[in-house]
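Here come two complexes built around subunit A, the first alongside subunit B, the second alongside subunit C.
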Partner chain A sequence: MAKGVLVDIPKCIGCESCSVACKLWNELEWDEQEKNKTAIDRAKEPNNGLWPEEWTSINRYDPEKDGESVARYVKAQCMHCEDPACVSSCFSKAFQKLPEGPVIYDQSLCVGCRYCMMACPFDVLRYEWKKAIPGVRKCQMCATRVANNQETACTSVCPTGAIIFGDRDQLLAEAKKRIKENGYVDRVFGEKEAGGTSWLYISDTPFEQMRFRTDVTTKPLPSYTEGYMKATPFVGVGWAAILAGLYVFNNKGKEPLD
Partner chain B sequence: MELVTTVVSRAGAKMSSVRWKFRMTPMRWVFTGIASAAIAVILVRFVLGLGATTNLNDQWPWGLWISFDVLLGVALAGGGYGTALIVYVLRRDKFYPIARSAMLTSLLGYIVVVLGLLIEVGQWFNFWRPYVSWGHASVLFEVFWCISCYTVIQILEFCEVGTEKVFKGAHKYLKKAMPVMLIIGITLPTLHQSSLGQLFYLMVGKVNPLWWTAFLPVFFLLSSFFVGAGMIVIESTLAGKALNHKVEIPVLRGLVKISAGAMILYLMLKITDMVVRGTFANAFAFDLPSIMFLSELTFGVIIPIIIAFSSLSSTRKGLIWFGILTVSGVIMNRFDVLFTGMGKYLNQYGGSYVPAVSEFIVSLGLVSIACLAYLFLAENFNILGNHGSEHADDIEIKDGKYASTAK
Partner chain C sequence: MASKVGKVISLSRRSFLKFVGGASLVGVTLNLSGCGEPITPDKAIGGNGWMPTQYNAPGNWPTSVRGRVPIDPENPAIVRDDQKCILCGQCIEVCEKIQSVFGNYELPIKKEFVCVNCGQCIQWCPSGAISERDDVNKVFKALADPNVTVVVQTAPATRIGLGEEFGMPVGTNVQGKQVAALRKLGFDVVFDTNFTADLTIMEEGTELVKRVTGELHHPIPQMTSCCPGWVKFVEYFYPELIPNLSSAKSPQQMEGALIKTYFAEKKEVDPKKIFSVSIMPCTAKKFECQRPEMNSASKELNDSNVSPDVDVVLTTRELARMIKRTGIDFSSLPEEEYDKLMGTGTGAGVIFGTTGGVMEAAVRSAYYLITGQQPPVALWNLTPVRGMQGVKEAAVNIPGVGDIKVAVISGLANARKVMDQMKAGNAPWAFMEIMACPGGCEYGGGQPRASSPPSDEDRNRRAASLYNIDAKAKLRNSHDNPEIKQIYADFLTAPMSEKAEELLHTHYVSRADDFIPKKSEENKLY
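After this line comes the complex of A and B, so read on.
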């Protein structure tokens, strides 16, 4: 059963326990540059609070609700697409989508072309630019924990239930129930976005005011290049055959060129 | 300064030696200088990493090196497969005099691309991974296989020329293999030239609709084909000055007309594409992307077509203008797809990218290395000449300047 996480944005109080749990479980290094940043600062920076050693980030936005500006904390991390662009874009299979949900990365297979970063529909991949031998870094959705029937580190510590771990199908039903009950925006971000993601977001304030890519395609991204790649071998062989025919025909009875 | 080295190439009863020549001119010193600076930067890049030598960042994981060294390098080297198609497969023998130089330029272009890629990727020592770990859903997988195989094929094709002078024993075998190598050597670039365009098709909603289209592969392929003539004109003009060799106008004009034919097809497809997707409003919005898009088409395609099919192309000046405009048009196009096309999206939350000086140095350095290699090879092998196979034993030293063999 594919797992997922439901993020109920209005329930988040911005305590950042999830960020701490993530750092501890994944043994991410403490980074000097992050020391004095607040959730407001991170929301404004191009990197969205995500860095090689910061796989998740709590960012504060001030969207409008009933004509008034309200504070909302939004957790950012890899969305773990159902059919991920990074997996299909990687020419050395360094990315993999596990049946349980997580999209994981293996640096030992990575060449470092960064096509995945260009392809990611949610721009969550980060690169270790400062290292001589860099890799791509992102949330792995605690793949080893999930494989052992444990929940992700971040959800395990959330004190308010703003992020809950479970079966994606059940979470989706729960999300729709909450939208109705609480009068939320009628959209589960992640249900159809980029063909669906393991992480699902619901909110009482407009998504586009909280840096969500609301205009993202609903078709799975790999479907855009699938047909092309399938046709390529046939086009190649066919074209080579045509060329061979032309070569023989045009060189008939002629002196070969040096 | 003259560098002349004599090496014994065949030991045994019949002693014959081969002379290597490389005359340093001020321009060649400039190339050497830029190349040395680039090598210094490349060393720093390998020791300290990409962050220390480039302005690349998480918003702009691809920058100058990808667009210039790879996208553009491959496109501008398109003259090689185009010429091979016209000369060897279609047997338009009229163009034979430029075949070897066009194919050598292409080979050097690809070597620059491969070197550029090794510098650009993070874990260069893992470059072989895709040969064994097949990410066959990726368009880049195809690009990788085709570019690497095609580079090997081109080296073998050049060996056919090279063995006229050294390792002569292998010449007849290479000559026999040439038809197969030529056909593979046209098929592979056809595939990867188009795939380089298809790479960007995955970035749905990120590239400006003026450039993001299902036609991307066709546009990349056609433009790599028609830029070939432009490159050959420029290259033969430059090489003509440096090596005292001129290609006849009718040969160049014929090529330019073939190229302009492909341009007309390209232009018609561009217009069709705009009609189908309804992007006329974007094209004539006269914001930055629209201005870039229109000037790319006007200066890089429409004016060259006019030059090609008018009396302008019967003069060297006209031909040179055709070359400059066509090449600039394709340069603009490749930069536009990445920088102009993606700028709005990638910079939406304050991201920015301006290539670092060190990035320019490396790109220029790689080009300088290619120029030096071209000059060396053109001076020492039968690239520009009349193409009679040269047999070391029959030829005496012609004059001091072009001594290529000695008994």
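After this line comes the complex of A and C, so read on.
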């Protein structure tokens, strides 16, 4: 059963337990500069507070609700697409979508081309520019924990239930129930975006005002290229056969070069 | 075209390239056609760290203690170092269960985090991630400026806490050494907040008598206002009970206002060049001194260049840090006396530092204010209001008035219960003392960490030390303090005079609009 996480934005109190849990569980290094930034500082930056050692972050926005400016804390991390563009763009197969939900990355297979970063529709991947042997970094949705029937580190520590872990189908139904009950914006961000994501967001304030990419396509991104990329092996093999044929034809009756 | 070297190298450049080209082509083809091992979860990056056990239960077993309290980066009193946080959940435990702040509002939050700045989360934090906002450098800077007169006041409870930072047993009284250390650090004048504790009793006691006699049209019971955490709690959750709060300022703010008016006038110091510091067992005091109302000296002198009545509040721990940083050998310091004018306190003033102390002090002087006679010796040991129970009641017989019922509460969760009872119309008391921290100031958010989480054993030891100071004091009633008599004769005229109202009394604001009120008990956060 595919797992997912539901983010109920109005329930977040901005305690940032989740980002600390991520640091603890993934042994991510602390950076003095990043540590001293506030949720307000991060919201002003172009990258949503995500860095090679910051796989998730809380950003504070001031969207409008009933004509009044209110504070909302929004968690940013990999959305874990159902059909991820990073996976399809990686020719060395360093990325993979697990049946349980997480989109994971194996650095030992990575060649460092950063196609995945270009492909990601949500701009969550970060490259370790400062390292001699760099890799790509992003939330792994605690793949080992999920595989062991535990919930992700961030959801396990949330004191208000703003982020809850569960089966994606059930969470989607819960999200729709909450939208109706609480008068939220009628949209589950992640239901269809980029072909659907494991992480789902619901909110009482407009998503556009909290820097969500609301114009993202609802088609899975790999579907754009699938049609012709599928032909690549055949083109490769065919091209090799043609060249080999030409070679044989050209060298017919000649003495070997060596 | 055969190699001239002969048979040594049998691999030509051409065949090498052919080999590499062929191998790549095969590799790419295999890869694209889907061969190769799938990645398993353990190959993913990260996931090798540690989480507290409560978060590692498989399935969806509910974790009873999870997360941590939100702390605003702008919080004037409390800061947290995320790098030290282990998400044990103790801060949430104390904030919700002991102080009943977290979880007592509906989500979403509006703009600000609800926080009374009490600092109990600091006392409960086992990894030292939460601490007071460090203002030590501001004070060092003022001390280094020769044009500035730095005046300091020390709260009743710091003298029985500070010693623990230097390895002394819990509750050791280091009053004299503390004064000596402050002088050595370069403070020009060292005053005692016990003096204004006595003054608070005079003002608050007079207010109480006026309320009881009907001279002042304010409701009964009167509630104490010396605890800034408690005051903010009322402003948040019980704004309709604000009229019950005594209008008297806290001792810290009274002393601050008088330092820049009474002291400046008497000693002919320019109030603009006075830097007023207070050493407090409390983090909420850092919030209190920044309240816009706490600017009486500037208002009284009609000079906007006079800074707030108290410029900087340091906790007991910060003072210890200053002493350690300067390299003063604290334990070998001599015992010194406070400066005169506002440095004399009575036994009644010193017990402000523990739960029940304000009540005991108030009862002694109320007896005097009502009857005109000295209180009987029995009132020097008002045992029903002593001890660590959350809610204590007593009845004091005062001739001419009869039995006066009083209540003493410490810990805001206890206060919440009593306030709910009060709102329901069940409040038989005339006067109530409420302290935000369990045990009162002696275990406030700014005191040394004796044990984590705090224990009643340590609270009792500190309280016993305060009661011991009171028992040995020459003067045990606030109204007997000679400096109190002097200030009323020379400066303030009488309790609740016009000048006293301006300098020593304040008003409160409702903060009910800062959050969405809680709907019902079933609607808990989680």
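The definition used in the following text is that the second predicted complex is superposed on the first by the 230 of 258 C-alpha atoms of A that agree within 3 Å, B and C clash if a C-alpha of one lies under 4 Å from a C-alpha of the other, contacts with A are read in each partner's own complex, and residues count from 1 in each chain.
The definition used in the following text is that contacts are C-beta pairs under 8 Å (C-beta built on N, C-alpha and C of every residue); 3 or more make two chains touch, one makes a residue touch a chain.
Just so it is clear, the structure is predicted and the values come from calculations on it, not from any experiment.
Novice: For A:21, using the defined touch cut-off, is the partner it touches subunit B, subunit C, both, or neither? Pick first, second, both or neither.
Specialist: second
Novice: Of the partners subunit B and subunit C, which touch A:46 in the superposed model: first, second, both, neither?
Specialist: Touch status of A:46: first partner only.
Novice: Which holds for A:232: it touches subunit B only (first), subunit C only (second), both, or neither?
Specialist: After superposition on chain A, A:232 lies in contact with both partners, subunit B and subunit C.
Novice: Based on the superposed arrangement, let me know which partner A:215 touches: subunit B (first), subunit C (second), both, or neither?
Specialist: first
Novice: With the two structures laid over each other on chain A, which partner does A:240 touch: subunit B (first), subunit C (second), both, or neither?
Specialist: both
Novice: Have a look at where A:119 lands relative to subunit B and subunit C in the superposition and call it first, second, both or neither.
Specialist: first
Novice: Could you say whether A:163 touches subunit B, subunit C, both of them, or neither, answering first, second, both or neither?
Specialist: neither
Novice: I'd like to know which partner A:133 touches here: subunit B for first, subunit C for second, both or neither.
Specialist: So A:133 only meets subunit B here.
Novice: Looking at the overlay, does A:5 come into contact with subunit B only (first), subunit C only (second), both, or neither?
Specialist: Neither partner.
Novice: Between subunit B and subunit C, which residues of subunit A are contacted by each of them?
Specialist: 91-94, 107-109, 135, 232, 236, 240, 257-258
Novice: Under the definition above, what is the set of subunit A residues touching subunit B in their complex?
Specialist: Against subunit B, subunit A makes touches at 44-48, 50, 85, 87-94, 107-115, 117-119, 121, 123, 125-135, 211, 213, 215-217, 219, 221-222, 224-226, 228-229, 232, 235-236, 239-240, 243-244, 246-247, 250-251, 254, 257-258.
Novice: Provide the residue numbers of subunit A that touch subunit C in the complex, in ascending order.
Specialist: 9-17, 19-21, 23-28, 30, 35, 38-40, 55, 70-72, 91-94, 96, 98, 100, 102, 104-109, 135, 137, 140, 142-151, 153, 156-161, 165-166, 204, 232-233, 236-237, 240, 257-258
Novice: In the complex formed with subunit A, which residues of subunit B make contact?
Specialist: 46-52, 56-59, 61-62, 85, 87-91, 93, 96, 99, 120-124, 126-127, 129-130, 133-144, 179, 182-184, 186-187, 190-191, 195, 198-199, 201-206, 217, 349-352, 387-389
Novice: Going by the contact rule set out above, which residues of subunit C touch subunit A in the complex?
Specialist: Contact set of subunit C toward subunit A: 1-2, 12, 14-15, 25, 28-29, 31-33, 36, 38-39, 41-51, 55-60, 63, 66-71, 73, 81-83, 85-87, 89, 92, 107-113, 525-526.
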